[in-house]
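Here chain A shows up in two complexes: once beside chain B, once beside chain C.
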Partner chain A sequence: MSAVLAEWTKLRSVPRWIATLVGAAVLTVGLSALGAAGGTTDINDHPNFVTGPDGDPVADGFGFAHRTVTGDVSVTVHVTSLTPTGARADRGGPDRGTVVPRTPWTDVAAGITLKDGTEPGSSYVSVLLTGSNGVRMQSDFTQDVAGTPSADDRWLRLTRTGDEVTGFESADGVEWQQIATMTPAAVPDTAEVGPAVLSAPAVYVARGMGGASMGEHPESAVATFQDVTVTPASDGTWRGTAVTMPITDDLIAMGAAEAPSGPVLTERSGTYTVTGSGKVGPQAPDDDVVEAALLGVVAGLMALICVGALFGTSEYRRGMIRTTFTAVPRRGQVLAAKATVLGAATFVLSLVAVVASFVVAVPILQDSGMAPPAFPTPSLTDAAVVRALVLTALFMTSVTLVALAVGMLVRRSAVAITFTIVLVVLPLVAGTVLPGTSPRWLMYTTLAGGLATLRAKPPTATLAEPWALIGPGAGITVVLCYAAAALGLAWWQLRRRDA
Partner chain B sequence: MTGALRAEWTKARSLPSTGWLVCVVALGMVALGLAVTGTLRVDECGDDPCVLDTVRLSLAGVNVAQVGAAVLGVLLVTGEYATGTIRPTLVSVPRRGEVLAAKVAVVGVLTAGGAALGVGGALLVARAVLPSRGFTAEAGYPDSTLLHDLTQRAAVGTVLYLVLVALLGVGIGLLVQDTGGAVTLMMAVLFLGPVLALFVSDPDWQAWLHRYAPTDAGLAVQATRDLAALHIAPWPGLGLVAGYAAAVVLAGGVVLCRRDA
Partner chain C sequence: MEPSLEVRDVRKTYRGVVAVDGLSFTVRPGEVTGFVGPNGAGKSTTMRLLLGLDAPDHGEALVDGSRYGTLDRPLTRVGALLDADAVHPSRRARDHLLWMARSNGIADRRADEVLDQVGLAAVAHKRAGGFSLGMRQRLGIAAALLGDPPVLMFDEPTNGLDPDGIVWIRLLLRALASQGRVVLVSSHLMGELQDTADRLVVIGRGRLVAETAVPDLLASVSRDQVEVVTPQRSEAMTVLANAGATVTVQAADGIVVEGLPGSEIASLLGAAGVTFVELRRHRASLEEAYMELTRGAVEFATADEDAR
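Coming up: the complex of A and B.
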């Protein structure tokens, strides 16, 4: 305990260090605010999305063969084929960079949809047979439950009882198994129901030479449905509608393509052939308000690394280390005390700095365009925001401890500072220079991966920043491993070597 | 002046760190260049028609080499303040401008030597490696040779850039006088621009950062293809870095002359 007290006295009695620590926090907040004031986005003026039932940005485009039903209803179909047509079928392999893997929300799919009319963005519930993600039941652009991983032809059923809708699937139309029961937000008593086909655009990412460029190619698919039954039997005819996103001249100028024209629905002796193009699912931009609000972290981190390294090396420069070891002969204890004091001080300061950055920068970002509906307002009570802020503070703390340990190991401040900073920033610069090859492995092996903690949104391959390739859990694990390894090595050398 | 030069040269060469840092400059160029060219494949780039700037990629080691150059410049100044040799230095050469000029000359020559070795080595390595990765004359990638004027510009420009970075280090070392602070500041000068450009989503701000951040502006001189896409032209970019370096060294000189050592 007295060792901790001694280290705390050393840390707080060097005015330059205290100034740098506080300066790191001020730098973080100030640069974050400055960066937030700089960038502007016009995505809300030129949206590539519509708003879903809860106000979030969504994509809603598919081929819909539908009829109007009222009250409780059950619809059964037998999906006998699902064939991608157009671009995806033609393309042998990626020729414009890497294809972003298909998620349950961006797959080709055929099934039954129950929807509030045919306006894009309206409430719905679906059971779908997808191309590579098995059977899914989805609702309102947010809920997604997996059925069996089946890819063969499949019988699907959607049953509505009051507000609840239950999805079933079957291999033969005789033995049925339930997938899930969902309550869509706003499907009224009288709604549209019937076979649906969707095929999300393929997304290609080419990275290298300082950025990532993303391209989208619209795709379409054809599915055949047999044994289509609606109970209670309702009269009326099936109508085919291509549910499409509103497309403006702005979007066409930016490279968006109009949906292919042609009949959505053809029927021959009980076999319904439906053509569809588009994606039904969340369409939030990959850019992250929380990450943008923490722009200053890298600069603050450099100042923290400086203090961390000097806290280790300056004892050697002044010969103070001998006094320290005379007072506390157990050297492991000295290192533990140093790490505790520096870690605690850094964590508190970093947490204050990132929370302040968030509070200051988010309103500025919203003024400059990162606003709802494209970017829902993040709140300090969101689990994802709390995770991002706490993990970012932990990331800054761990890197500072790496600098301390390297400082104790090499005893030269220039080497310790340079080594640690380079380990954080060089992979980022190298990752943008290298063409083609994914910089993902660099993120998994260097301190740069820790920047993944800044993001509140899930990982994505579509952004220029390489740290968005990995998740926050992986990022913080890499940094914690570095800190543990560096401190362990320093402890071992401290016991072995002369001071 | 000769005496001041000899004194600075003796101080520089008798420090073990000097040799190491010149090695970082030379070997960093070659090693990272090899890591890049050795993992490159001709069919890997995204947009078509696509041409990779193989000369620039072979010289990617400058990202590591500049760290060595910066620390070399800083240490030859702050080392004197840390050990106190600055006082005997100023006693024996009372005209402080002469001390500064001698330091600049020694740092410049040392960095230029390491950088020339590194750039030459990196280009030789690239020339040996690239054909086996598919970058042949038939594929549109003739051997990089110093006879080609764009390659020449990239090579000479890279050496000059590294010298300017080392001089920036001298200037910041004189201004800060403390090793830790000066090294941290140099790392921020070199890397903050490119990293912040990754954060900023607004293309105007990105372009502004690429144009005025020292690393991006200075390394425009390495481009040999697709010159129209550069944010700042090659020589003006390097000229901007020269301006930064001159301003910082002059400010450092003023501090050296005015402040007590």
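Coming up: the complex of A and C.
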């Protein structure tokens, strides 16, 4: 404890270090604000999404065979086939880039949907047999519960009791198992229900050489349904509606996509054939407001690396380490105290800096287009925002500790600073230039991966920044491992070497 | 327990170069012990070994019977001035002492007390980078005194001090010793220690040359010699040499006579009609004693090499 107090006195009493630490915070906020003011986006003027029940951007396009029901209802179908047709089959796949794997939200699927009308973006609940993600129950573009991983023909059932909707599946129509019970936000008493067919566009990405581009090929699928029953039995006829996103029309208008042809629904002796095209699920851009608001961190980090390295190497200028070890002969204690003091000071300052950056830069970003509905306003109380801010501060702290340990090891300021900065910057440059997902291993193995902590959104391969390829958990783990390894090595060397 | 510094059969090499070679000595309390030897003799190395900064290849360097690294709050047991430059230039003098004090649970007010004691109270809030070598030397001494330790070690403390400072440090060293502390002072200038040290540990080439009280050392070197100052130097030399004495020229008008008592010299010169201005017993300087001793060390080393 006394060693910690001593190291704090040392850190505090060199004005240049304190100035640089505060400077790092100021630099972080300043550059975050500048960066935020630097770019604009017009995604809200040319949306590729509609607004979901909770105001978030969503995709909502599918083939819907439906009839109007009121009150409690149970619908059962037997999905006997699900066949992708259209673009993918016709064109033989995307022209270039990497195909983004199909997630439960971007798959080919057939099942039952209960929905507030046929307007895209309205509240719904579905039970679906997907092409590659098994049976799913989904609701309101956000909730997704997995059923069995079956890809064979399947019996599905959707039962509404009051506000609650329960999904079931069965292999034979006799033995049923429940998937989940969900309460959609705004499906009214009188709603549309019936077989639905989805076929999300194939998405390909090409990233590298400093940029990233993404392309979509609209696709369609056809599914057959048998034994379609609605209980209580209601009169009325099945109508076929292609629920359609405005963006699809735009692409068709530009000639970039073929308009869905043929009827959505045909029926022959109890077999219903439904054709659908489109995706039902979240459609938020992969760009991240939180990340964009924190980009000044890279600049602040450079200043922190300098302080970290100097806090270590200054001991070896003029043999001050001898005074230090005379005062505290247990060398491990000296290193631990140094790391504790520098780590605590850096973490506090970094946290202040990233919170301030967030507060300052988010409104600027919103002015330049990163605004709702495409980019919902992030709040300091969102779990993902808190995680991003805390982990980013921890990332900055860890890198500073790496610089400290390297400084204690190499004993030379210029070498320690250069080495640590290179460890951050070089993989960034290389990762931005390298194509596809190949920079992922660079992010998993170097300090640059720590920048993944800036993101509040999930990892993606659709952006130019290489750190978006990995998640924040992996990113922080990499830098923590570096800090632990560097400090461990410094500790071992300190004990072994003469002072 | 009585405070002490003890070196037992210590050997230390740096990349194959022997710095300290089988050195043993003990420093006792209540005396100023001079630690002397030419540059590169191993004085600083020995001090680093005593402070646990470097690890001996063989043997032990002990403070109060323990290895330095095992001491609790070591600054309250041993104070050391190794290198006056070992201060961050951006740090204020008082802050430099404060971090040291806090690392050993020493009260902050001690920083002000020792600054006052070494005469730096006026510049306590000035940055050490602007200090002269003498001021840094005083700051280093303040740091050594910080924990009021019973054992003190100073490596070349008079470096950079002005004559006032040198007098001050001599008085300080004597005062510290008279309080019953262990005081070890290294120097490569024997003359510096002439009026300060009670005992001497003399090393050369990493080995112990002598460990002795200063008066004994002087006596061993000062044989019965008499200095004669005379305007008739050559006549005097002839007369005395004929009488069987060994005569050496010392200065323009002085000779040193060995082998005859002073009274006989006076009567011989008087009988020969040689005038002399002054006749006095020759007192050997520590410097001469040191030269004598280290010459021996060099010869010994050479003989040793021949024997291989």
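In the analysis below, the second predicted complex is superposed on the first by the 478 of 499 C-alpha atoms of A that agree within 3 Å, B and C clash if a C-alpha of one lies under 4 Å from a C-alpha of the other, contacts with A are read in each partner's own complex, and residues count from 1 in each chain.
We take it that a contact is a pair of C-beta atoms (placed from the backbone, for glycine too) under 8 Å apart; a residue touches a chain by one contact, two chains touch by 3 or more.
As the structure is a prediction and not an experimental result, all values here were calculated from the model.
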item	value
Which superposed partner A:A3 touches (first chain B, second chain C, both, neither)	second
Residues of chain A touched, compared between chain B and chain C (which is higher)	B
First (chain B), second (chain C), both or neither touched by A:L310	first
Which superposed partner A:A499 touches (first chain B, second chain C, both, neither)	second
Partner chain in contact with A:S13 - chain B first, chain C second, else both or neither	second
Partner chain(s) touched by A:T323 [first = chain B, second = chain C, both, neither]	second
Doubly contacted chain A residues - partners chain C and chain B	16, 317
Chain A partner contacts - residues on chain C that touch it in the complex	48, 51-55, 68-71, 74-75, 78, 80, 82-83, 85-88, 90-92, 95-96, 98-100, 102-105, 143
Contact set on chain A toward chain B in their complex	16, 20, 31, 35, 38-41, 95-97, 204-210, 213, 287, 291-292, 295, 298-299, 302-303, 305-306, 309-310, 313, 317, 413-414, 417-418, 421-422, 425-426, 428-430, 432-437, 464-466
Footprint of chain C on chain A - complex, ascending	2-3, 5-7, 9-10, 12-16, 314, 317-320, 322-323, 325-330, 498-499
Residue ranges of chain B touching chain A (in the complex, touch as defined)	17, 32, 36, 39-41, 44-48, 52-53, 57, 60, 63-64, 67, 71, 74-75, 82, 178-181, 183-184, 187-188, 191-192, 194-202, 205, 210, 215
